[in-house]
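There are two complexes below, and they share chain A, which is joined by chain B in the first and by chain C in the second.
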Partner chain A sequence: MISKHSVRIILVVLSVVVMAGGGLLVKAQLIPKSFGLYGSYRADAIEEEAQKVVRHGTNKSCFECHPYEAKIHLQGDHKTISCEFCHSTYADHVSNGKRTAALPVKKGEEITTLCLRCHNTEIKARSTIVIKTVGMPDHLKQQNVKLTHTCNQCHHVHAPLKYINEAKKITGLMEEKP
Partner chain B sequence: MNPALYEASQNLSHGASMLISNYVFPNDLHVHWSMMIVLYPYITGLVDGAFIIAALYYLFDVKSLKPIARFSLLFAFAFLCCATLPLLLHLGRPERNFNMLLTPSPSSAMAGFGYIYAVSMGVLSFIVLFVYRPDLVERGKKAKGFMKLIYRALTFDSNDLSEKALALDGKIIRFLVGLGIPVAAVLHGYVGFIFGGVKANPTWSTPLMPVIFLFSACVSGISAIIIAYIIIRKMGGYSVDSDCIRTCIKTLTGFFILAFSFEMLEVFSHSYLKTGYHHMVEGLLNGPLASSFWLWQVKICSVVPLILLGCMAFITLKDSIYTFIAGIVSCILLLQVFIMRWNVVIGGQLMSKSARGYTVFHPEWFDKEGIVAVIIIMLIPFMILFVLGKIFPFWAEERKGGIQ
Partner chain C sequence: MKIDKRDFIKKVLSGAISGSLFLVFPLDTTGIEFQNGISPSDANVKLPEEIPEIRARQYDIHKQNFAFIVDITRCIGCGSCCVADKREYNVPDGNYRTWVERYIKDFDDQVYVDCPNGGLDGYQKPRTDIPLNARDTFFVPKLCNMCREAPCVQVCPVGATFTSPDGFILMDSDRCVGCAYCIQACPYSARFLNPITKTAEKCTWCYHRVRKGLLPACVEVCPTGARKFGSLNDENSEVYKILKGPGVLTVLKQSMGTLPTLYYMGQRLEVV
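Let's turn to the complex of A and B:
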């Protein structure tokens, strides 16, 4: 004769088995249908992602309507930088080939903030061989300019050394080559 | 000469003896796995160590551990409840963890952890319920209303306390604890494996990692149990069983010698093999981690307790002094394991993949993963333990101040 206690234990074991089995059933129900068709992901996700509207453009798309900026940009040290890095997303400006809105224009202090996103020495994350970095306001002091100066007062934002080189050409002052 | 090359050569001649130019990749600047990921192996480790103490009594019949065996189980349970909390807080969107359980990817180490955690939670819950059944039956008889219903559920609706029933319970407990040991070892070994499996990080990527994590887990868990036992007993005005403390300390000594040896062996292996990233690891341990690794983890929190444990083993001490030193050693070892987790998790991320620079980590107070969050998370298991103590008595019935 099985004791009442043993019966309870058997019931506990059975309920664990039922719960585990029930869990597997619930799991099977909750897994999306297309999951695992190609790999460990939902196959429908590919189609859904492909349907998303493309929001970013290339520099080429920008240059189509901005030939003046294109000319300077392509000759300067910033030629590899994407327009969208500084000017925001293409789709906020152009839709179906037509201009829909103006992109935000950085002014004053905002320009310095933007430049320092890459050119700040404090970041210490980029080799100076790759990107010239400066410390603020030390750089302004070294150049003997007002501390309120923003970067674009000396540097053309598309070709940072454009004005500097032109000034050197005029004055004939070229830095000594190492 | 190309100006860039010139600059590079200048840099090189400047610090020819120093390979580190502090050139950190932008994506390596921020330490992504911060204090919550330090807590995650720490909490699972505490579970593991506490469970080992319980297993020594219930499976290996170490009788002197009887006074703390039940408490260790509850302690392990309370901390296991919170083991995934730091992870979920770190990741954000905690509801998404169900996706991981629904469609586990075979190539995802974390998905495996979800299942191992669930199994260990199940096993530990049943061990607690079976161990406490006689107490729960007695309490259930006195309880009324809703509480009576709770006690009925917790005792599987069986109030049979006959010898035969208890013998059956005993067998089930032994079976479950026997099952629990590999589950607990896998649970924490797996945490070590998750780190050891990160190939991109030279300080983590070693097959020794699960072993180191496992032994240090036992150290932290046993230390925590010793401290909790001494404090809770003293606060309640009860006596502390010195025989039990002595057995705990002996077990702790064994595990700590293994843990510390493996920690040092790992450093030795790195240093002897001189693998591709060795200069970085060496620079890390002697640079940004010089204080937290060599001074704190090794000298203060490992060598000092080793000397103390040696004194406790070789010198005959009075029970009260032995208990006092046991408490001190346990505190230092709890800190040791925490610092070790810190040095592995955060220290390992201070190196940039450029192999030419280190970043710094600044813990914040009120961050999502800040110091306040750490304190709150560490308090939750104690709150759970307090609530559990209302239903599951920590100690067997006894007179206040009496001898067990």
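Let's turn to the complex of A and C:
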């Protein structure tokens, strides 16, 4: 027959085992997989971040289907400008290699606003080495055109000096204006 | 309808429990945001590799070394980067993963800084609310500094933000509890609490693009080359050449000891 004292000791040991085991089980349940592989965080989160879908393509992905625009764009001074900045994201236009929706094309006053985002002289912070700027409406007055003209009436938006250089060639007026 | 007391209580209880489970496990809203994207496994989509050697080899997470350099002498404040960033991540209005600040310094050494809508709409108008004797004006693009000693990682109580072995400070939005300690800790204000997911969010230098061999979206669209990104393992990359060269590179808030890996060229002392 087991003494009363032994029963108590056995009970204490048993309850410690049960509680510790339960604690370990709960801990194993609560700590996510891959936690602690590289540090105190879930290492799988790195892969999840890496698997996020890409929404912006590159200019080359646009040129795949738009060779005509590509030819003009790559010859002009605007060749470093991203297609997607003016025309919106690649992913909104193409899905699984198929066209899903049309992208907006800027028109009229919108174009002038877009041009002046970079080419406005009034914003003094622009280095002349990086970009040519103009003041509006002074530029229109200097060029003797109506004040209602939008930029794209003289400048091709993809290659800004295209028409101007062509016109100079035809008229023989080759001297550069500062 | 005949129903006894026992059945009635059972039904009410099970309804209440299953209802409360919806409160505990909210519907996954993060998935919806990224539905409309280019799938990385899609063979039809042609995305040329922009960071050499990423796709050719198995990505060894312990051997990567990337650098980001911002050349503020080339920034024209067009806001292309801000627009691209918003579109890449569908960032909710009023929050910015990256933004462009305008600094104006006058001859009395007063500094005026503004940043309307994070530079998303560009800078169309000059400032008229300040004296006209400006001597130096410039734009400063800001983004995550990817500190080597990141304060945001240190304060996170649940391990939801961390420095990955390849040097990126990333977010685990599954673990984030939205306590916003990291937002207070970041000396560069690069973090915000996403009002939709209620978790902290930050610039990741487009980790998902980098791993696919693409440049970060903001670097991709920058028309003047003010933002530069590349691998330091590649000796032909622009960032390697700049970091190896004699040019002056600075970091923001150096005195805080955060050791950023985002470098600035042409930075003025006044910029914080």
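We take it that the second predicted complex is superposed on the first by the 130 of 178 C-alpha atoms of A that agree within 3 Å, B and C clash if a C-alpha of one lies under 4 Å from a C-alpha of the other, contacts with A are read in each partner's own complex, and residues count from 1 in each chain.
The rule is short, and it goes like this: a residue touches a chain if its C-beta (ideal position, glycine included) is under 8 Å from a C-beta of that chain, and two chains touch if they have at least 3 such contacts.
Since we're looking at a predicted model, the values are computed, not measured.
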Which superposed partner A:52 touches (first chain B, second chain C, both, neither): second
Which superposed partner A:138 touches (first chain B, second chain C, both, neither): neither
Touching partner for A:6 - first (chain B), second (chain C), both, neither: first
Which of chain B and chain C A:94 touches, first, second, both or neither: second
Partner chain(s) touched by A:27 [first = chain B, second = chain C, both, neither]: first
Which superposed partner A:128 touches (first chain B, second chain C, both, neither): first
Chain B versus chain C as contact partner of A:116, first or second or both or neither: second
First, second, both or neither for A:16, with chain B first and chain C second: first
Chain B versus chain C, judged by how many residues of chain A each one touches: C
Partner chain(s) touched by A:82 [first = chain B, second = chain C, both, neither]: second
On chain A, the residue positions that both chain B and chain C contact, one per complex: 35, 40, 123-127
Residue numbers on chain C that touch chain A, as the complex places them: 34, 36-40, 42-48, 50, 61, 73-74, 76-80, 83-84, 87-89, 102-104, 122-126, 134, 137-139, 159-165, 170-172, 174-175, 204, 207-209, 211-212, 214, 217, 220-221, 223-225
Residue ranges of chain B in contact with chain A within the complex: 1, 3-4, 6-8, 21-26, 28-29, 101-103, 105-107, 122, 126, 156-158, 160, 162, 164-165, 168, 172, 357
Chain B partner contacts - residues on chain A that touch it in the complex: 3-6, 8-9, 11-12, 16, 27, 30-31, 35-36, 40, 123-129, 177-178
Chain C contact footprint on chain A (complex, rising order): 32, 35, 38-42, 45-46, 48-58, 60-61, 64, 78, 80-82, 84-85, 88-92, 94-98, 113, 116-118, 120, 122-127, 130-131
